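The next part holds the structures, each set out as structure tokens.
Note that chain A is present in both complexes that follow, paired respectively with chain B and with chain C.
The block that comes next holds the complex of A and B.
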């Protein structure tokens, strides 16, 4: 594999170079100084050294709220919402687990009738990964996404002494580098990052552990502290559920059919006509989320539908940890 | 649409009248709204009043025998009755007096003239008459009021969300305040405001009231971890939801 050195002070120049090739997106500081995936207007605003973002990059392909179509109650017309152009888009500063999260949703969104919004927004992207220093919650290697994992990435900026070693992973990625003269010789490598959180079972054992844990008391125990606030699923890179609603303009003639992210963790998610709620108990919702990550979809996807980013753990006001739940179940199954 | 305008009355009970002012201050939307509705009764903004109306919007909570009489009269006159704001919908700030002795409170407020001011336990409008729909919040969010009005004018009875503020807070991409040790009420509070306060870094006060099945035991533990005393936790919970907590206990 080809590698090129890039000194830290040259990184903004490199991003500027990419901005001449296409629209660049990446982790940029938002109003609260937190990195958030958004379009880059100024290379110096890109944060390449970050722990994680609150919302995963899926927000670029399935926005938190979007218009599906515009309608008119006056002349009974429907106009599908436009998804921005087909030009080249470059996502820089992607952690390798987030690339896997996007791959998970590429799979799921294409099953059955394909999600048109997702498909349209996913066209023409190049992914430029970057290495990261895990905090106490990341457990990606436990779901098969170790520091050397490069799946789904076209270029990778591996943090090295004094900068990055840029790895050329695909033709598409390599072609983006044409015309950039800011390279150095490959830089001295830094030690592989240490992970502080992990799953005890092998990834392939996770569905089997859940298969015999449906009635386990752990779901009741976790439910005692769960707020059913939905934060875990809202920040999850592989969750995709949404709610559809109409928004009328005050002229009472024009309006929009919209959707926004929804969460299986809130009670009204499963409320149907007549007021029946079929996952009424908090414990059944807590369990459902974890089965969605390690069993239901895993059974046909062939690998965990969790990428070990730890976002749900960081976002949980009740300190519920998906890795701790799985480890407790594994210990009890083994004991 | 060219349908006949909906005749609307606004009525204020015990409250700060902020809800009505919040509505008057929707300057950009008002001209369009007034294409569809005709305001026939609104003390805050007009002197000529009528009781012939299609909908009554009620602001403020029920706190005196006179309130009970008046709300019954309005209910008889209005085919549809909508509560507007926290006080009329859930009891609101006035409900901080829930659990205290009424005579003691009258003494505190009116002194030796207290016999002139009969008082009742604070009630949301729904405790006295049937309520057809509610607009939550202190004050109601203009976007939420617009959403309500458009749905209502389209012939629906608008429903408020039953999920907590966290959903809307995460849609904005905010990091959780409670996780950072800031005692935010968002986890137990009904959404619909678009996470108005937490999006500006201010913890949620819980002005839209509790979601159904709010996990208050877990909230107490979290707030203790934020360094709040039992009294402070009670105060936070009772600021808007005194009436709802009384129902739960």
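The block that comes next holds the complex of A and C.
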């Protein structure tokens, strides 16, 4: 694999170079502590050294809220929403697990009737990864996404002594480098990052553990703490549920059909006319989320549908931890 | 270049040709679409949209061989269904679909059919009943069990009279609570099952009703020695997209809008959230 050295002080120049090749998106400085994925207007605002973002990059392909169509009630006209398909888009500063999160949704959004919004927004992207220092919550290596994982990435900026070693992973990625003169010789490598959180079982054992844990008391125990606030699903890169609703303008004639992210952790999610709520107990909702990550989709995807980013753990006001739940189930299953 | 997205959500216009108030809460709509017929299988549903209010999944209640139009029977349950009730002949509503897997009428050829409908559950069953009656010689006996809470909630009164007149249909009904002028059976729908004289090896039961009903009906069918793979159920769930994406209709790993709403009971008996 080809590598080129890039000194830290040249990184903004590199991003400036990419901005000449296409629209650049990446983790940009935010009012909050963590950067958020957004379009880059100024290279200096890109944060390449970050723990993680609150919201996953999924928001670029499935926005938290989007228009499905515009309508007019008067003559019953319906005009589907449009997205710009123009030009190359470059996502810089992507952690390798987030690339896998996008791959998970590429898979799920294409199943059955494909999601046209996802498909249209996913066209023409180049992904530039970057290495990261895990905090106490990341457990990506336990779901098969170790520090050397490069799936779905076109270029990778591997943190090295004094800067980065930029790895050329695909033709598409390599072609973006044409005309950039800021390279150095490859820089001395730094030791591989240490992870502080992990899953005890092998990824392939996770669905089997859940297969025998449906009635386990752990769901009730966790439910006692859960506020059903939905934060865990809002921040998850592989959650995709949404609500659909109509928004009428003041003229009461025109409006939009919209959709926005929704959460299976709130009770009304499954309520039907007549008042029946199919996942009424908090424990059944806590369980549902975790089965979606390690069993239901995993059974046909062949890999965990959780990328070990730890976002749900960081976001949870009740300190419910998906890794701890799985480890407790594994221990109990073994003992 | 700009591309349109979400064409799968765009409804087509369906014109209301006729309406009929069936009960205080339920209204029938006969609908016509420009390129009709709808092309549905019995048991499938459509997403009805009232622009500015929202969408609701509604079963197609008429059989596919009943001309270019199709019928929906809508119970007033909230904002969308109430807005539908405001509409009369000549008005337009949005329709997308049909969606989901319906009753496998082809595969059931030669079988005796036992329909069990509780309340508004008769609405989706009716499309399969129509189909069986329109292809009468393809099927064995047609037995219909129907139960409602009280006599005021009985749907399809005229049609039921026709079914009763036919000697190739066996129709039985009951109400949970009678009224002074009610002369029929009183009791829950499961009370209609034990007296039936069924040809067990060649009977398929097709069940739809309120969530609470399934367990008891299946127990009663089991006492009749019907096997799990001789029972079809149609399930209702909250639905927002009909396209297997929004997640609202999930029961464990299944999406009712795509994998259902009709399921063979043996396929879902171990799916914990199903019944």
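Following the convention adopted for this analysis, the second predicted complex is superposed on the first by the 333 of 335 C-alpha atoms of A that agree within 3 Å, B and C clash if a C-alpha of one lies under 4 Å from a C-alpha of the other, contacts with A are read in each partner's own complex, and residues count from 1 in each chain.
Convention: a residue touches a chain if its C-beta (ideal position, glycine included) is under 8 Å from a C-beta of that chain, and two chains touch if they have at least 3 such contacts.
Remember, it's a predicted structure, so these values are computed and weren't measured experimentally.
Judged by the touch definition given at the top, the superposed model places A:314 against chain B, while chain C stays out of reach. By the touch criterion defined above, A:248 reaches both chain B and chain C.
After overlaying the two complexes on the shared chain, residue contacts for A:81 are found with chain C alone; chain B is out of touch. Look at A:234: by the touch rule set out above, it reaches chain B but stays clear of chain C. In the superposed model, A:68 lies in contact with chain C only, and not with chain B. Touched by chain B in one complex and by chain C in the other are residues 73, 246, 248, 252, 255, 262, 269, 271 of chain A.
Those residues of chain A lying in contact with chain C across their complex are 68-69, 71-73, 76, 78, 80-86, 109, 111-113, 115-117, 120, 214, 240-246, 248, 252, 255, 257, 259, 262, 264, 269-274, 276, 278-279, 284, 288, 291, 295-297, 299.
Residues 1, 29, 32-33, 35-36, 146-147, 149-151, 153-154, 161-164, 166-167, 169-176, 178-179, 186-188, 201, 211-215, 217-219, 221-222 of chain B are the ones touching chain A in the complex. Those residues of chain C whose C-beta lies close enough to touch chain A in the complex are 1-11, 13, 49, 51-55, 75, 77-78, 81, 92, 94, 210-211, 236-238, 240-241, 243-248, 250-253, 255, 258, 272-273. Note for the complex: chain A touches chain B at residues 30, 32, 34, 36, 54-55, 59, 64-65, 73-74, 224-231, 234-235, 246-253, 255, 260-263, 266-269, 271, 282, 314-318.
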